[in-house]
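Think of it as A, B and C in the order they're written, each chain with its own count starting at 1.
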């Protein structure tokens, strides 16, 4: 069989940047960026080397955690974190519902829509930790500032997703309820609520989970909770206590994740 | 030549998908495998190249028993068996050429396949196959940009790129319209007779099987209940395979479909004018 | 034939038992909330709370007007921040890929040992915020960019690993079967059957995580891990609120820009 007519080479055609010159320019730019970026990382190797011993101690602390000697601090921090998580989620969700409805284009008048959307935008743009810094400055140290921080962050999260959900509801159902001559409140109660309720419960449980994780962080800037305990433990170089705290956080997050996915399945 | 000897497969759930199947497929024969869904057609085909591990029995391709092979040997033997799938099973996000070249994976080392640096002979052969199935112009397109019939042609080219000694074909026309189905079946039978390739074709469409197959085997509940030429596939034979049903009705139904298509085509043509 | 002679006058949405359970659940939630509230505010000094509006007004006054002359000092830390995020993302993704393949049910080399290990790595990385990782790393390897990069990378493993292994588990089994049937080796099945299928998900996840990492790396400086957060910390310590405003506005602009870039890139990929 002669098959000399067929080519013997084949190259995979470029998939994203078709122009050869642009492709080379792009690759060059990436390379230059990487070289520049890596050169800015000024590593003090002797300090890193010294740190290895501490790193080893930390890993040992993680493997042999010490729950005992700081148990009072740890339990205090845990209680703060857990109560903060629950109260802030409840309050945050309660505030999110009217804001979420207000931020749904198909339910709210224009001016309310813009106000609610800007509240959401502000809450989402600012990081928990930055809000916490401000609230600690205003309300003093302790879990109350943490509670406010998490509530505020919850609003941005829940209200946004709730509003998007409401905007995506099945219009025909709303239409049918409207056709019966229902008022606005009845419309929300009969057409919107049944459609978004399961999602709202799911989101709230998810947010509960996130709030606990965040509660471990905002303690670093003085907003109470387990994060404050952790910060102290690391400052004192008590890596076995720090390891214990981290293990507790991981365990609680795992339990929360598992049970919230179970609850969500159960509720649907 | 392929010999199946006492091939059985029982799934973990306890379902016996195949019970003591023995068949001999000589060189160049195209064998159609028919039977109701769940009869074990798909399992039978997959037991041959061991995508499904048979419980007992022998699969002899030439003089190698495929059932007893270790991992590396199995890989070497799989090269000898080309497979064509129901939903084409192309790697959608790769180009047509890469899909055809993937038929050579069993022959090339990993680095060559990873860098797409196939030997020149493989590439030449891939082009030749693409030309044979009529897709020369589509080599650089992505597989998901093709129509169903075109994708199945790529599937055929991929199987042939293996230089197989046997073709396993699993419901090649199930996702295609009747006209394309016939084109694909014609292409398959032509290619098999060109190369003297034996083929086992799972097919649910009885009229299509009768039109294109040289031999038909009927499976029912994992057992061979019919083995003969298309002419021998009578009303009674179909009843043993599928259970009681008015088969003339089904044939007429098929005729009707063809007529309806014809009619629709004529009407479309009239509309265009 | 019996005829229905009587229709119930009362209709209720739920069965009485269902309603009771629902009310019970609400009641329990309220009770729990009240209890938690009591515990949480046990040590709260209410004078500070009532004083908060005055404090807020005070801080607001000090923050305005922003001290724009401070801006030139921020470019270098901002560049560091972007590098922390980018290099950290690259490092995290490189570590996450093998973890994801170990965690996915259809590609794991051993379901008994490696899969649970990979899942634990993912959970551990996900439950610990990058700020905590940074806190630890600063204590171990000293303050600086490296601590920030490693913190971001460690936090990214869990996120990228989880989404990637879910993408691997969702791949089309037919395509993988077809490649296996050609006699391909394990590595070849991976590179032809699985990798092309997860490529769009992979790039989408990576860019998404980069966007989140930009956001997170802006504050790592609070614990000494480099970047613009260092300046924030310094300004907060000296109560230079007008500089804080400038920093926050710059962070906001960066975050918005990175979000835009990531949305554009993801759109182009998918």
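Observations, loosely collected:
By our rule, a residue touches a chain if its C-beta (ideal position, glycine included) is under 8 Å from a C-beta of that chain, and two chains touch if they have at least 3 such contacts.
None of the values given here were measured: they were computed from a predicted structure.
Interface comparison, B-C versus A-B: the pair with the greater number of contacting C-beta pairs is B-C.
Greatest centre-to-centre distance from subunit C is found for B, with centres as Cα means.
Between the Cα centres of subunit A and subunit C there is a gap of 5 Å. Centres computed as Cα averages put subunit A at a distance of 50 Å from subunit B.
In subunit B, the positions touching at least two other chains are 98.
Residues 16, 33, 37-38, 40-44, 47-48, 50-51, 54-55, 58, 79-80, 82-84, 86-87, 90, 125-127, 129-130, 133-134, 137-140, 142-144, 147, 213-214, 216-217, 220-221, 227, 230-231, 234, 237, 242, 246, 249-250, 253-254, 257 of subunit A are the ones that touch subunit C when the two sit in their complex.
Taken together, the subunit B residues at the contact with subunit C in this complex read 49, 51, 75-79, 81, 83, 85, 87, 89-94, 98, 102-107, 110, 113-114, 155, 158, 162, 168.
By the touch criterion stated above, subunit C contacts subunit B in their complex at residues 172, 174-175, 177-185, 187-188, 191-193, 196-197, 199-200. Across the interface of their complex, subunit B is touched by residues 3, 6-13 of subunit A.
In the complex of the two chains, the subunit B residues touching subunit A come out as 95, 97-98, 101, 116, 118, 120-121, 123-128, 131, 139-140.
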